[in-house]
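Read from first to last, the chains carry the letters A, B and C; within each, the first residue is number 1.
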Amino acid sequence: MTTKKDLAKKCIWIISILVFLLLLLFFVSLNMGLVKIAPNAVLQTLIGNGTERDKLVLLEFRLPRMVLAVMIGAGLAFSGSILQAVSKNELADPGIIGINAGAGFAVVLFLFIIQGSMSALAAINLWLLPLFSFLGAVLAAALIYMLAWKKGINPIRLVLVGIGINSGFAAAITIMQLKMNPQDFMKAAVWISGDIWGASWNFVLVILPWMLLLCIYALYKSHTLNQLSLGDQVAIGLGVHVERERLKVLFTAVALAGLCVSAGGGISFLGLVAPHIARKIMGPKHQYVLPVSALIGSFLLLLADTIGQNILAPTQISVGIVVAIISAPYFIYLLMKTN
Amino acid sequence: MSILSTEHLKIGYEEKIIVEDLSFTIQSGEITTIIGPNGCGKSTILKTLARIHKAKSGFVYLDGKAIHKIPTKQIAQKMAVLPQSPDAPAGLTVFDLISYGRSPHQKGFARLSDRDKEVIEWALKVTGLEELRDQDVDTLSGGQRQRAWIAMAIAQETELLLLDEPTTYLDMAHQLEILKLLKKLNEDENRTIVMVIHDLNHAARFSDRMIAMNKGRLMKEGTAEEVMTAEVLKNVFQIDAVVVTDPRTNKPVCLSYDLIEQEKDMNNKNGIVQEPVLV
Amino acid sequence: MIRKDCAIVELAENRKNKGKNIYKSALLMLSCFVLVFLLAVSISVGAANIHLSTVWEAVFQFDSNVQAHRIIQEIRLPRSIGACLIGACLAVSGAILQGLTRNPLAAPSIMGVTDGAALALIISLVFFPGLSMGEQSIASFIGAGVGVLIVFGIGALSKGSVSPAKLALAGIAVSSLFQAITTAIALHFDMAKNMGFWHAGGLNKVNWSGVHVLFIICIVGITAAILMSKALTILSLGEDVSKGLGQNTVMIKGIGFIITLFLTGAAVSIAGPIGFIGLVVPHITRFLVGSDYRWVIPFSAVFGAILLVMSDAAARMVNAPFETPVGAITAIIGVPFFLYLARGQGRRV
């Protein structure tokens, strides 16, 4: 069995391997697609010596998109880890319990209200979209919390209410979708199924500070998450102010989900699968689970994006679809194995 | 010296009142057991004492201060609680579980100080789990697992330890193992223990004081000899009990019992006369 | 199939419910009258309001020269009767599912049926474009079947008990997977808008041939359901109890699922996925007439029909002259109801 020192060493090993794989994927992905950039050309461009074309494609298009993919993957993984700890349910995920749907609803509503078409999305003040998405996520989470609260939170009730809220928001989104004109409808459909649409450095800069802040806060709360996962009664006995702490970490998870939806649309299952794999490798302590699941999430999302962009070229399959196709079978397998 | 006491406690869930008016005192340095039939409210009372459950009215005093006024982390430094059927996440080692017991004494990132490590080692030793320190809690046997949870509770280094049915799902040997451990903690370190126990004879054997509850009312409070009488057991459990003294422990033991009303009916129907066993 | 042990159940019921049976029969007949009335009202409202007396004439004294009569006969009547039948099919399916799985949250719409049907439909639209409406319906029917099989397969093959939460999650997983594949194909082959409309559920494509098929399936399915209603009632007491009473639970479940499959498959393949009727109606029914499936099934059929006819009328009226998808209306009723049910699910694990 592993001792504490072993676990810390294992963590460092795993993180190193994951970072290496991520970089590898990064180079491979750049070498695919409509414009292929070979690895040494990548390096050249990064230090400033590349061709004009390479510079444009790499620095203006590919790189921001990949950075976003890495961030969204990490954010969703963090969000899922927290939700699973709080709901004491290994199968919780911001997509399943309706937080993504809430955020998506807010975004679609926002676009509907400003009568803008989806193509105007990019032109809109970049602050507004993440803000609306965040508000939608918070609204969904608040609804779920209030409805699931009956003298305390029961994890099963939380998940079931989440599923209900998910259906509700999904229906609302469908209604609004049908009122859009066909091109917008199509773009909305793509976005809702998960699409890294805003791949520009400006957008990255809008999202990055919040993402970092929330992730660092989540890491700070690792021990609290550990205590919460022992169950409410034990946690109270250990002196944890359960209702308050739960709200704090839930808020973090929801905010992260909201940010990720604003950047990447409705991506389901990632927040479920990444923490799960992380926990299998590293055990249940959140000091290890959070960083490892973030790296796994980033890797999976970048992989899904690469596959989505290249497998049926020149059509793009949105990243959410690829993630769903990869993860749903794994999720089903998990369902069958757990009790 | 009273460490924990209640005053006119009224406890319930939503509309249902379980305990109307409860007042008692737990003496420091003693083992007190709460006994009673199913649904009498024993677990709920323990949870209210541990501030896990909020009372509808009345007070719980910890060291003389009203418990709801004390910050929860501070309470955790004075009182440790072990609820019924606790659940550890998969993959958690015994060492890690016990280390969580140090949290009331830690800040922020919860790094283990040298003192913390000392206490964890000591908890492992006292519960006899040194060999199993790196094993996953969910792979342990029932008795070992319970010992691991108790180790976590004692790692909290509190004077007061509250346990809700710590022996209910264990076999005979393991039950005794746990109770003897608790007795040792009480004698060696003067810890005050309050627990809810189903097995009357165990309760009588290991307690300094017993509290018998029925339908939310305190029926009898006192030493094992005072509470374990046929009269009290009839009022509390509706049983016709035969109480003798255990030659091994010199404590009262319920040797056998029968149901009260039913027995009369059976006598009449079958025409069989049941001779009560007289002692 | 059912042995005489079940006479015990019957005896107990008969003694208690003698008076109640009359009440229930009266209620059933009243509901039928309400249904017919609502049907007539539903036919008369719409983009062009038609007087009730005209409706009466159109049915019984049809004159093909009168335009109103033609509208009624060709468009509105089949649509409303279709709504009636589909509502009945969905409600009865839901009732059977809830009885079979002993799960108050079971409903055709979260069991992988609708998304399986959608996937099959888009595959047939894209890869076999020459299929007729009837053949498309058959394809989506098959897809529905596959969806149900997978979801229940997960339930059957998984470790541990099949709790409501688990089944709901399995349904979501399978639905999401199918949805993802469907969306991928739809976007790739530029059929997104078509799929979007189908997905919201609408009764605007219901014609007489569809109604004929529906009618047959509905009558056969509901009759079969009524025939096995006693078995269902006993099954809802618990698996072990019903085995102890001598029932062949495997066969009962199998037949039950097949009936559900046919009823829901037919409904979905003609009108697309219409959610929540299968979830909500059985609860209302059980609330009014208790848990005896000999009453629950017929009442669910009538109530389901009433609910869908009303929702369809609302869907046509809300944003006239545009069609609102009827699925949206049923969602407005259904989601709060589902949430109310979910709140009660804290105890069971």
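Note that a contact is a pair of C-beta atoms (placed from the backbone, for glycine too) under 8 Å apart; a residue touches a chain by one contact, two chains touch by 3 or more.
Fair warning: this is a prediction, and the values are worked out from it, not measured in the lab.
Chain-level centrality, scored on Cα centres against the all-protein Cα centre, points to A.
Seen from the C-alpha centroid of subunit B, the farthest chain centroid is that of C.
Spacing of subunit A relative to subunit B, judged by their CA centroids, is 45 angstrom.
Subunit B and subunit C, compared by their mean Cα positions, are separated by 53 Å.
The distance from the centre of subunit A to the centre of subunit C, each centre being the mean of the chain's C-alpha atoms, comes to 36 Å. Touching of two or more other chains is recorded for no residue of subunit A. Multi-chain contact residues of subunit B (touching two or more other chains) are absent.
Residues 91, 96, 147-148, 150, 154, 156-157, 159-161, 163-168, 171-172, 174-175, 177-178, 182, 185-186, 189-190, 193, 268-269, 312, 315, 317-318, 320-321, 324-325, 328-329, 331-332, 335-339 of subunit A touch subunit C in their complex. Across the complex, subunit A meets subunit B through its residues 1-4, 151, 220, 222-223, 226-227, 229-234, 236-241, 279, 283-285. By the touch rule above, subunit B contacts subunit A in their complex via residues 13-14, 47, 50-52, 72-77, 79-83, 86-93, 95-96, 100-101, 103-104, 106, 108-110, 134-136, 153, 156. Listing the residues of subunit C that touch subunit A in their complex gives 105, 110, 154, 157-161, 163-166, 168-170, 172-174, 176-177, 179-181, 183-184, 186-188, 190, 192-193, 196-197, 199-200, 275, 324-325, 327-328, 331-332, 334-335, 338-339, 342-343, 345-346, 348-349.
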